[in-house]
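Data first, discussion second: the structure below is written as structure tokens.
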Amino acid sequence: PAVLAAYCLMLGDDALVLSQRISEWCSRAPDLEEDIALANIALDLLGQARLLLARAAAADPAAVPALPEGSPVPDEDRLAFFRDDTAFRNVRLAEVPNGDFAETITRLLLFSTWRLALFERLAGSRDAVVAAVAAKGAKELAYHRDFAARWFVTLAQGTDESRRRALDALGALWPLWPELFETHGVERAAAEAGVGVDPASVAAEVDVVLEQVLAASAVERPEARPLAGAHGWKGRDGVHTEALGGMLAEMQSVARAHPRGQW
Amino acid sequence: MTSAVDEARLQAQFEATVAHKDRIEPRDWMPEAYRKTVVRQVAQHAHSEIIGMQPEGDWIGRAPSLRRKAILLAKVQDEAGHGLYLYSATETLGVSRDELTERLITGAQKYSSIFNYPTLSYADVGTIGWLVDGAAICNQVPLCRTSYGPYGRAMIRICKEESFHQRQGYELLMTMMRGTDEQRAMVQESVDRFWWPSLMMFGPPDDASPNTAQSMAWGIKTHTNDELRQRFVDMTVPQAVALWVTLPDPELRWNEERGAHDFGQPDWDEFWSVVKGDGPCNAQRIAHRKKAWDDGAWVREAAMAFADKQSSQSEEATA
Amino acid sequence: PAVLAAYCLMLGDDALVLSQRISEWCSRAPDLEEDIALANIALDLLGQARLLLARAAAADPAAVPALPEGSPVPDEDRLAFFRDDTAFRNVRLAEVPNGDFAETITRLLLFSTWRLALFERLAGSRDAVVAAVAAKGAKELAYHRDFAARWFVTLAQGTDESRRRALDALGALWPLWPELFETHGVERAAAEAGVGVDPASVAAEVDVVLEQVLAASAVERPEARPLAGAHGWKGRDGVHTEALGGMLAEMQSVARAHPRGQW
Amino acid sequence: MTSAVDEARLQAQFEATVAHKDRIEPRDWMPEAYRKTVVRQVAQHAHSEIIGMQPEGDWIGRAPSLRRKAILLAKVQDEAGHGLYLYSATETLGVSRDELTERLITGAQKYSSIFNYPTLSYADVGTIGWLVDGAAICNQVPLCRTSYGPYGRAMIRICKEESFHQRQGYELLMTMMRGTDEQRAMVQESVDRFWWPSLMMFGPPDDASPNTAQSMAWGIKTHTNDELRQRFVDMTVPQAVALWVTLPDPELRWNEERGAHDFGQPDWDEFWSVVKGDGPCNAQRIAHRKKAWDDGAWVREAAMAFADKQSSQSEEATA
């Protein structure tokens, strides 16, 4: 159960953190259609996060931060709003700032291609809740990936400026890509227990999908090397970029100011 | 060319349609002044939806529970959707969204003044739902029967969603009132700030609203500002009682004789100053919208360039 | 004592909030000399804020937010980190975002010219603490004003771009200027009690000083009208711009996460 | 033009000065390779101060008490001051600050790799003071006697301030360790992250540090990397004990025979990858510095234009 909880936190944090980033676009997108689409994607990810955090709390109540006695804050919110950034287990790709529209699209392309492959396998998880979340989530992620892929091709093949921005975005995010396929101890244990998936096992299939998008965009893979961690520790170990702390400071501000609040 | 006789006949037909409370449709003949008035009103409404995304959108990042975050994100997304329908309605009158966006960010067209007030606490999200959406509904329900067809049909859909938003806002405030003392104080403070601006949402008093008569004759508007304001107050007072908040108007009381509430007047000087652009957030709201629009220009250009390439490729292929 | 406390909070919050804004420049200034100078100014204002918040707490312990029993957080920090934005009493000029260097300099020019005039009179306050803070602060503020004035003239008379930016900055901030001279009830009461100064009483003298700087810059006063409040309520009433909430979310994040913490 | 004989005499004089531990001053003759090495080392040190402002500066806005905010702001300001002195020292060798800033933001010159690690909690502010400034002091105290005069004198002032910063950092950690369990966990977590990078601050092992011999011969460096690393470990272990934190090295133990601590080796692959630019924050640090520099260009231009106008006016006045 501790492994299941830790594993659900990882997948839940990925979704929560990226949802928070994407929702920053609200009222700022290039046009209304994209504003609506990005809000939709943020909502889907938020929904996935809520189910996964709730699953983590149910599987291992000890993982849920304690609050003053009598606090009515539900488990999912304790996990989202009362953990420090070193307790977050998302991959760093999810947390880096949005950058411009090209960077947001490129991140979404990388993230949703990877997560879709994971969720397709997770639909067969021995944990019925994880399996159900994954089955529903896979449909959402397929839409996210298609949206991102369509825009990536459009930007790469649009104007000189949009192509330059798409290439810059891919170059900037590429160092964060390998981290998604590094197997963390929790992931290995969850895979062995039949509740999770080893991300290394989907690398080849993800690569094929990404290659199709890059080919349609006439874009080559960048040369950039992987972003180092500290002593090998990366997002899954709770060692993040500085951007996460700032994001959480905002995200948690109201909840933290009212630890006994009802909302 | 339409002769004077034809024109008179068309005008008579138009007036008959309006008088029968039938809809004017995009291909129907309509007086130029009517067209202009409808475009202005629908555009102003669309702009209000789009600008209205900002004061609430500012709190998505700080929503204090995941459930509230989802509700708020969905609500702000609905507002973008409302903007979309409404801009589509103006397109049926030959005015494009880009054109109207230009008019918005250059200040040539207005949006509802309420969005020039700041949102300063999470209680404001609830208060905007309760009071601001509540006032909007009072304004908008009659517009479902407005004479211009596409506008009326858009309003039917919008009103349904708005009343959902209003209930969500009220429910947030109810929940907060069951919470801590600080939360109750937040709600009261928020209501204190939004009460008067909400009353202003119905526009100036009837004697200072010269366009109302014409709009009513055309069936664009169906009630006067003061009628709607009264309806809003009467609807809201019992809700405030149920919520255990005080509305900040010492003159507010039930008038048995009129069968309605008496209430004080908002500060109309403040109203005009906000309308003229000197409200707490006018400059900020326009700057935000302009920045989003300008920052997105390269994306819109890329999409057009890509579409052009695609269509010229498919032409080549079929040639 | 409640009036004295409320009055000290106003002056303290002005300094605290502007200090926080100015310190955002740290590692971002146009050159090292300005980085150092801005940090110095932020430090001076922070020092003024600490003394004034401590004075407020001493004058009226009821003004200090309560924390969980046994919390070691000192009064100045309770006031700085555990009040919501509606409890802050600073003028809105202090809280708006920095903008570019021209806007930062222009705000500092307006703010320090005004505050210097207040502090020169406050040096004669009947409250010995306020008098001492003001006497020391006046020297600091004179330096801040000279720094800002020198830079304002430099930008206004430098290049076409810098002049344009200086004019834009003055135009953007001008609507916030009248609020500084509107007498709040607390200020009136403090002035009547001989502990405070009615800001309206320094308007003429401040105007003369500002005029000298504008004349040296060949800049005319903008036409912009005052920024409205809500129902007349402005910064001194706790009704701020949306920018303050975001700033406080960041500023208070660590302290709020550890209400029993020692630092 | 200097003849070969003159040059040999100058070289001998230079070597004698260095051998006597006297200072080389800006107007003294010096070998071109020495000049280049000093410029590179001082510039790298200056860049480290300036880039080092970022990881801590990021926490000024979130400092959890006003006292700590003041301390941190003053510290980061000191770092800017150190950068200033050190760039002045390079100016005595004919290399301007603008030139060096260009080299920094284009990646042509390096800065201390430690600043490519992120600061992730307020405990990191304390840990940077304790371990990073502590390691810097071990490196820098000997440099107060470095052979190039202006550099040595700058170092005297810098070392004084650095040891003040180190005490403040240690005191912050001490205070946090007296606080809540969460705070103690924050401190330990921070030390776990910064221990190995701190050891890397002394550079690669001596057998992988080919330039050390020449730098020592010139009196620019006075101790090898491994000597300084040992000194740092020996100094730090008792401080860790007093702080009740664990240093994350299972091989760390007192060696009675050597009268010194044995300890494990940092991950030198990680070290080289960070040096080559692939550390967690390299790109971010340079982008931040470049943005500040680029954003400030119009201000620096304005200051120059204004100064030109002033001086031409005063020339006219005196003409």
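Going in written order, the chains are labelled A, B, C and D, and every chain counts its residues from 1.
In this text, contacts are C-beta pairs under 8 Å (C-beta built on N, C-alpha and C of every residue); 3 or more make two chains touch, one makes a residue touch a chain.
Which protein is which chain? UniProt says B, D = 1,2-phenylacetyl-CoA epoxidase subunit A.
This is a predicted model, so every value here is computed, not measured.
Within the contact network of the assembly, the step distance from chain B to chain D comes to 2. Separation between the centroids of chain A and chain C, computed from CA atoms only, is 40 Å. Work out the mean CA point of chain A and of chain D, and you get 36 Å between them.
Residue positions of chain C with contacts to 2 or more other chains are 84, 246, 249-250, 253-254. Shared interface positions of chain D, i.e. residues touching 2 or more other chains, are given as 62, 182. Taken as a graph of touching chains, this assembly fits none of the simple shapes: it is neither a line, a ring, a star nor a complete graph. The touching residues of chain C, counted against chain B in their complex, run 84-86, 172, 175, 225-233, 239-242, 244-246, 249. In the complex of the two chains, the chain B residues touching chain C come out as 55, 58, 62, 117-121, 182, 186, 189, 192-193, 196-197, 248, 267, 270, 273-274, 278-281, 283-284. Partner chain C is touched in their complex by these residues of chain A: 68, 84, 246, 248-250, 252-254, 256-257.
Chain D meets chain C in the complex at residues 50, 53-54, 57, 60-70, 73-74, 76-77, 80-81, 83-84, 87, 97, 122, 172, 175-176, 178-180, 182-183, 288-289, 291-292, 295-303, 305-306, 309. Considering their complex, residues 16, 20, 23-24, 26-36, 39-40, 42-43, 46-47, 49-50, 53, 72-74, 76-77, 80-81, 100-101, 153-155, 157-159, 161-162, 165, 250-251, 253-255, 258, 260-263 of chain C touch chain D.
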